[in-house]
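After this come two complexes, each holding chain A, first together with chain B and then together with chain C.
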Partner chain A sequence: MRNLNRRTQVVILTAFMTIILIAVFSFGLLIPDDAVVGSFLSAKQPPSLAHPFGTDALGRDLFLRTLKGMAVSMTVGTAASMISAVIAVFVGIAAATGSKCVDALINWFIDVVMGVPHTILVILISFALGRGLKGLLVGIAATHWCSLARLIRGEVLQLRSQQYVAVSRKLGKSGGWILVHHLLPHLVPQFVVGLILLFPHAILHEASVSFLGFGLPPEQPAIGIILSESMRYIQTGMWWSAVLPGLTLVLIVLLVDKLGDNLRMIMDPYSAQD
Partner chain B sequence: MALEAKNIYFRYGRKQPWILEDCTLKIDRGERLAVSAPSGYGKTTLALLLAGYLKPEKGEILLDDKPLPAKGICPVQLIYQHPEKAVNPRWRLKRVLEESGKLREDVLDAFGIERAWLDRFPRELSGGELQRFCVARALMSGADYLICDEISTMLDVITQAQIWNVVLEEADKRNMGIIAVTHNKHLAERIATRMIDLSE
Partner chain C sequence: MKRTTRRLIHIFATYGIRIITLLLAVSVITFVLVSVSPIDPVRQYIMGLGTAVSPEQRTQIEEYWGVNEPLVERYVGWMSELVKGNMGESAIYRRPVADIIGERFVNSLALMLCAWVLSGVIGFFIGCVMGMYQDRLPDKILKKVCYIISSIPTFWLGLVFLLVFSVWLKWFPIGFSGPIGVLDKDITVWEKLHHLILPAFTLAFMSFANIALHTRQKLVDVLNSEYVLFARARGERKWTILRRHGLRNILLPALTLQFASFAELFGGSVMAENVFSYPGLGSAAAAAGLNSDVPLLLGVTLFSALFVAIGNMIANLLYGIIDPQIQEVGG
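Let's look at the complex of A and B:
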């Protein structure tokens, strides 16, 4: 590793992390439903070689269930954060480049959305759209773009006042050209970091809303449902049923977080040199 | 064929003091004007106004009796005092130069711009090296008027002379008008055909 430069190391590490995430995700997707049907004979077993995460009160293998749940949660988390982040970019740029009136309107709207507690809004939207995956996605996406949009608005305003942007205009470049060539590349790191920060939020909201019965149905066991189920049994000494799936969630979230940092370094050599 | 400021007034906001009051100035093509004044007198402000970066509160800036064009490559180009702010820090210098059109090898050679610098980022060059890029970019845009705001204060005497020689040669060839903001009396005498002092 010594003679590879730092950038190459980061690229390799990032590729490695991406592979792990994809592996967890696709393995979880591929597990068939009948693999997690349990029997009472094998109920409440602590972790062993046959069941690395032990089994739950219904005798289902918790390792497979966790992976399967992780895949569902990652789908929801990724899709919701992506939609949110894209909304944030559009809204942020519109606010920063539009007229004063547009800016004021958008800021007011952001205040309104931020003023309502997220969980309530997610539940309302999810409920209105008939629960399930779609309602949950729209609910989370519609409530989580605000702070990133603010950030991007500020960044664009600051960029637009830069001398080199003014020079570009004097060199005959149009507003659209400047947006694409000078502004958007600057926003990529913001976008990625924003996306990453949204991911845990999205997963946790998904879990809490599903727990309350307004999100995913129990047949589609996301990690949140597994965790809330295991809460009922933790007092009976089944520590593994909460700790191991919980740790998996934390690990995946941390991995995504680190991945975001690395991607920023790769995509934005300028700021990474600081 | 002239660039002129007609009775312009300017201040940075309603509550701020006037920086320029009833300022009138005219420069023909082919003419070279040196502007000097103590620090804080509004030389940079005047340069920004003349190049159309700022709008005067009263009065007007005219190019051949018409306002500066709002679209397209501006025939009046400004070179800033601080080159590091005038280039996108994330762009390699080749791209910085190409923003004003096609690269001109003769200009690069005249400025002593090494080809290896073209693949670097702005922060990997010294201020003086970077300033040559900014001057080259302004020249390559095909401007008719060049406003130089203390472009050579940070440079050593040899580099300073080299850059000004190239600029003056190009200006002669293309019959450009030059406004040079400078503190340096010797430089002003050497490059200018006319000198004004804002403090008078």
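Let's look at the complex of A and C:
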């Protein structure tokens, strides 16, 4: 590892992180439903070798539940951040290439969306869609695109003032052609990094809102639901059911955050300096 | 003198119009969102009553509420009542929404103010330390800590605090704004404070990282400037430089950032209040959403938007004070 240069080190590290994330995700998906059915004989056990995270009040193994919940949360997080990122690209490009009026309107709309606290807005949207998974997904997707959209708007404005775009226009290329051939390729790194950095926010909001009781039904072992169940037993000293699943969530979020940073360093070496 | 008053009036008029248009937009969006909801508020209301309701009575309630009127008419009706100060009656608390919001906002304000001041002071202090020890061990450690903290969900931190300080150490009570079973007027200020500390710390803990990282960046910029180099050449010591050149330049931007973070503060307080069962606006919002209390949900959303807008307005005004160039362009 030492004799490799820094870039190679970062690439290897990034690949390793991706593998861990995929492993957690697929392991969580593959756990069958009957693996998390517990018996009262094994209820409320502290962590041991057989149950690394202990068991909950119904005797279900918390380690398997947490992994399963992680997979659910990651699915929601990925889907929501993808939708969000796509919205951000559309809105950002529309703001930068549209008329002054469109730009002002979009900026104003972003101000409106950012003007309501995210948690409240997600609660509202989740209520509008009748709670459940769909409401949660749409709610998170609809609240996270704002800052990325502003970033992309700035990027497009900067790209449009480049010489090669001006030349293309003088050569008679249409706006659409310029968009596809000059603007979009340059937005790919922004899009990918933005998407990955959106993911931690999305997954944290997902956990928060399902903790409040919106979103996923209680049978689905999402992280937020496991934690809200653990709250009922916190006074009896069941620390493991509150601490360990939460810690897993934090670790996954940190991992994804680092992954996004590393990817940015690989794609845009200039930003690695700061 | 006359010019300043005129400019002040101008500034407040622009911000007034901006806030009103923003609130109007928020109210329209919110109203449409609650209207398209498949959850039937009348059924929820009847379930809340706890008694059987005949179909005739149901129609009466529907008529009284105007559920079957077209959307625009309902909106206009709601809005005209809102302007008069009537926000409707909450379905779960059976009291006027305005009263509930007023009462709970006092609780929330106490919580948010404590957390806001705490996070500002802690964040600013840590930011100064990081900036002074730029790229050395304390800076590196604190930076890592800040990044980790911004990846922790508020409610989980609240849970852990609850576990450590309330369940194990028994320093703080588990929840509510006062002891259970004691009348509201008998609760002493001291007891209220005692119940406030843990949620306030949770909330402050979540938001200081942002301000610390921002302060660090600003301080590093100041310390790399030429006038600081000159000050150092004159023989001023490190901490004198911080006091004379650093603090003056970074205090106001930090304060501005604190004002601009009202949205995160409010969002965080929703989580903190729910974990600690603190009777503030945030727990009312969650309860309203879960129990389909439409009037309360509308009221809280509008109120939170107003709260955030006021924070942003103060931040913008402060920007103008810091940097007169922005003021001329924006004003």
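Quick notes on this structure:
FYI, the second predicted complex is superposed on the first by the 240 of 274 C-alpha atoms of A that agree within 3 Å, B and C clash if a C-alpha of one lies under 4 Å from a C-alpha of the other, contacts with A are read in each partner's own complex, and residues count from 1 in each chain.
The rule is short, and it goes like this: contacts are C-beta pairs under 8 Å (C-beta built on N, C-alpha and C of every residue); 3 or more make two chains touch, one makes a residue touch a chain.
Predicted model, so just to flag it, every value in this text is computed and none were measured.
After overlaying the two complexes on the shared chain, residue contacts for A:K173 are found with chain B alone; chain C is out of touch.
Of the two partner chains, chain C is the only one touched by A:L254; chain B is not. Within the superposed three-chain model, A:M114 lies in touch with chain C and out of touch with chain B [touch as defined at top].
When the two structures are aligned on the shared chain, A:Q162 is found in touch with chain B, with no touch to chain C. With both structures placed on the common chain, the touch criterion links A:Q235 to chain C but leaves chain B unconnected. Ranked by how many residues of chain A each touches, chain B and chain C are led by C. Taken together, the two complexes place no residue of chain A in contact with both chain B and chain C. By the touch criterion stated above, chain A contacts chain C in their complex at residues 109, 111-112, 114-121, 123-131, 200, 204, 207-208, 211-214, 227, 230-231, 234-235, 237, 239, 242-243, 246, 249-250, 253-254, 257. Within the complex, the chain A residues that touch chain B are 162-164, 166-168, 170-173, 182, 185-186, 268-270, 273. Across the interface of their complex, chain A is touched by residues 51-53, 71-74, 77-78, 80, 82, 85-90, 99-100, 121, 123, 137, 141 of chain B.
Per the touch definition, chain C reaches chain A in the complex via residues 22, 25-26, 29-30, 33-34, 36-39, 147-148, 151-156, 159-160, 162-163, 167-168, 174, 263-264, 266-267, 270-271, 274-275, 282, 285-286, 289-290, 292, 297, 300-301, 304-305, 308-309, 312.
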